[in-house]
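Labels run A, B and C following the written order; every chain starts at residue 1.
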Amino acid sequence: MTVILGQTFTGISIGAVLLLIALGLSLTFGQMNVINMAHGEFIMAGAYTTYVLQKSITGAGISLLVALPVAFLVSGALGALLEWLLIRRLYLRPLDTLLVTWGVSLMLQQLARDIFGAPNVQTRAPDWLTGNITLIGGDDPLTVANSRLFILGLAVAAVVALSLTLRLTPLGRRIRGVVQNRDLAEVSGISTERVDRTAFFLGSGLAGVAGVALTLVGPIGPTMGTNVIIDAFLVIVVGGIGQLKGTVIVAFVLGVLQSVLEYSTTVSVAKVLVLVAIVAFLQWRPQGLYTLRTRSLV
Amino acid sequence: MNLLKGRSARAAAGFAGAAALLFAVAPLLLSDFRLGLLAKYLCTAMVAVGICLAWGRGGLLTLGQGVFFGLGGYAMAMHLKIADAGPGNLPDFMQLYGTATELPWWWQPFANPLFALAATVLLPMAVAAILGSFIFRRRVKGAYFAILSQALAAAFAIWLIGQQATTGGTNGLTDIQGFFGYALDDPVNQRMVYFVIAAALLLLIALARQLVHSRYGELLVAVRDSEERVRFLGYNPANVKLVAYVVAAGMAGLAGALFVPAVGIISPAMIGIVPSIEFVIGAAVGGRASLVGAVLGAVGVAWAKTALSEEFPAAWTYFQGLLFIVALAFLPGGLASLVGLVRRRMASQATDSEETKPVVPVGEAA
Amino acid sequence: MTELAGLEIRQLRVSFDGFTAVDGVDLDVHPGDLRFLIGPNGAGKTTLVDAVTGLVRAEGSVLFGGDELLGRSVHRIARSGIGRTFQTATVFEELTVLQNLDIAAGAGRGMWTMLRRRRTVPESVARTLETVGLTELADSPAGTLAHGQKQWLEIGMLLVQDVRLLLLDEPVAGMSHDERQATGELLQRISEERTVVVIEHDMDFMRSFARSVSVLHAGKVLSEGTVAEVQADPQVQEVYLGHTAAEATADVTVQEA
């Protein structure tokens, strides 16, 4: 029993990480249909931001809390810059966007190598994140690392913040307007260019936040983005385009699935099995879990 | 049909020229070492031929060709390892890491050279057929397809790494000595391997050319540009795409199989996400929809990689990134479209411009 | 030429996430008819055609020459002899006019024919090039055609496809007066051998060429008959005179769906 609970909880915390890294994509890929392979490097930028801040601010706790907004701004700015330089020229060519941003991602990785060196670096977690919480006591205890709980909390907070932004603010309404009907939005006086850039800023900023969270569970390195980006894209593909709830559900489901399969097989076999499950799932729902049905030809 | 005749005459001349270059000029001018490198680049070009067909013509951006390259490569390498070990012995790495005393069951058929040779091409094709029929039937396309194919490459590489006792893990299958009885450290035999690779490449180009100019090739472009419209004409686009995908997989498999004797090793690092996407960049730079462009692009990029990364590894990465950006954002037809541009300009200057063929069509199947 | 076939639609219903675009349509198109479907925006005309051709899922029954179409896949419906065009002309822009027609003619080709080059122009393709007046442009990329020519190419593709039922979605939109006239006459000639259904907004065009008319409104058939009968129908007059509010709401709903 505890084993099942334990695996489920590990799965939920894997899912929380997946959710954080996929959340920004649900905006840029899910809403705007831009495939940004450099998203992983924006996560990396967030992680290195945490590392740099910790070097200049002594308290690990304070530097982590400061890192959240700073990483959001750093990665967001990178995203806006990328949108302005390249992506806006490619809105009608999604596959080319994929390859172009892959090129960007290569260059950003090399930049990180040149600045911080090829070996991984590490940050110190603040004291209040190093311990464990015991959920079930007794002979067969179930404990959860504080850092995992913090990430879960962060993921939930980010989802709530994003969904409130999309629902309630004028910016969110504009984003949704542009997503649903770009031409109509344009003739109604919305500057689609500005909306695109802002949405890209937000989505990339969320990648930065995810990067901060990743420093708590693993090392920081030039290739950390590549390692997570595909999983993040799969979450969006399976969740369905343009649907936040799909992203949330699928992130946790895939997390739990991965953890359960890892427990019963090995890490590498679990990866393959998860992919098989995804292909099978797409047989059933090719457009993902939640879809916007339209009568457009594509 | 003057136009048709002119086109095939030009193609025949092109083939003769390419054959002369590959079989006479290159072996005369290049050192054994450089010729070996060229053999490796030509393998990349074979993958690019398939990518040109699937992506350039069919709009299927396959970011997982490494999987098929790897299947072909491992099928070949497994046989060669078994042959190297000799009857009754286990391949060296199994003795090192493994606890098994006999070959795993899925290794055993590869002891047969005919089975192994057939498997290098048929295994990738079978995998592509199964996967593709699932994916295309449910109309998973565009970016979704690209991401799935990339995930496949990642998963395959991870799986190989995880099975160290039977696949050699991260190291892969290394230190391959012989190729059907010929010792690979002998330069004469290495040269023979090069000739086999060059001949295979020309063969694949001829095959792809036939497909591109056939009625099927026209239909494939139609599917790329408007899949739904094709469906309303009574075709099943899933089958049209499947053919291109399976053929491309077979080509990648053959390339992987011939890569093994040329280089002497196959490992997960040569088939994961990064090499898979590197296969695409060559085709993209040269011109995804043009066979010649894709092949020259693949060879050129592979050569640039060796030349640059030998001396400045960091510079190579920046250069590669820039190549992606420039080629795709600003020259989506690749270098081949420049040739077309020049030719069109010359044609418009000449008084009678009979040939008004469109320049290398490049479309985006979203 | 295969025999003529008609369309029998019974209680057809299509809904998108709660919004019902086609709401219980009964429609009979007799073999060899030249039927016009008219109605305000959002009346469900295009959705009706989408349902018949298998693009959207629908409930009810659609019989074509006695065979049930609902539940079949798009390409199978096409093979049973139904062809359609779209509001925006969809031709393969990078292929030539000839290649476009050749592809349309070839859904039944065997593998060997597919894998070889086209050496000659198939007879049906040559004939259709004449019919739609594009012989001169046979080797031009379809993307370079004028708007009206693309529409004709689309119709030509249906002809070489040898369909028994043509469903045309606003075939004369954006055409000049002369082009409309030519298209109308072409449709009349086609309807001698095939059944034709045209979605159209242009009332003059409809009056000149329709053999029969169905008026759709809010997902239902409002009126049906000859041009004169339909024009005399008070219900139709009301919809067409006082439809602005209804059209606005209907449009919005479709957007959201």
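Criterion: a residue touches a chain if its C-beta (ideal position, glycine included) is under 8 Å from a C-beta of that chain, and two chains touch if they have at least 3 such contacts.
Just so it is clear, the structure is predicted and the values come from calculations on it, not from any experiment.
Counted as hops between touching chains, the shortest connection from chain A to chain B is 1.
Among the remaining chains, the Cα-based centre furthest from that of chain B is the centre of C.
Central chain (C-alpha centroid nearest the global protein C-alpha centroid): B.
Centre-to-centre separation of chain A and chain B, using mean CA positions: 32 Å.
Centroids of chain B and chain C (each the mean of its C-alpha atoms) stand 43 Å apart. In chain B, the residues touching two or more other chains are 228.
Within chain C, contacts with two or more other chains are made by residues 55, 86, 90.
Shared interface positions of chain A, defined as residues touching 2 or more other chains, are 297.
Of all residues in chain C, only 53, 55, 73-75, 78-79, 83-84, 86, 90-95, 99-100, 102-104, 106-109, 113-119, 139-141, 157, 161 touch chain B in the complex they form.
On the chain A side of its complex with chain B, the touching residues are 29, 33, 35, 86, 89-90, 92-96, 98-100, 102-107, 109-110, 113-114, 226, 230, 233-234, 237, 266-269, 271-272, 275, 278-279, 282-283, 286, 297-298. Chain B contributes residues 1, 4, 210-211, 213-216, 218-219, 221-222, 225-226, 228-237, 356, 358, 361, 363 to its touches with chain C in the complex. Across the complex, chain B meets chain A through its residues 59, 61, 131, 134-135, 138-140, 142-144, 146-148, 150-152, 154-156, 158-159, 161-163, 228, 273-274, 277, 280-281, 284, 314, 317-318, 320-325, 328-329, 332, 364-366.
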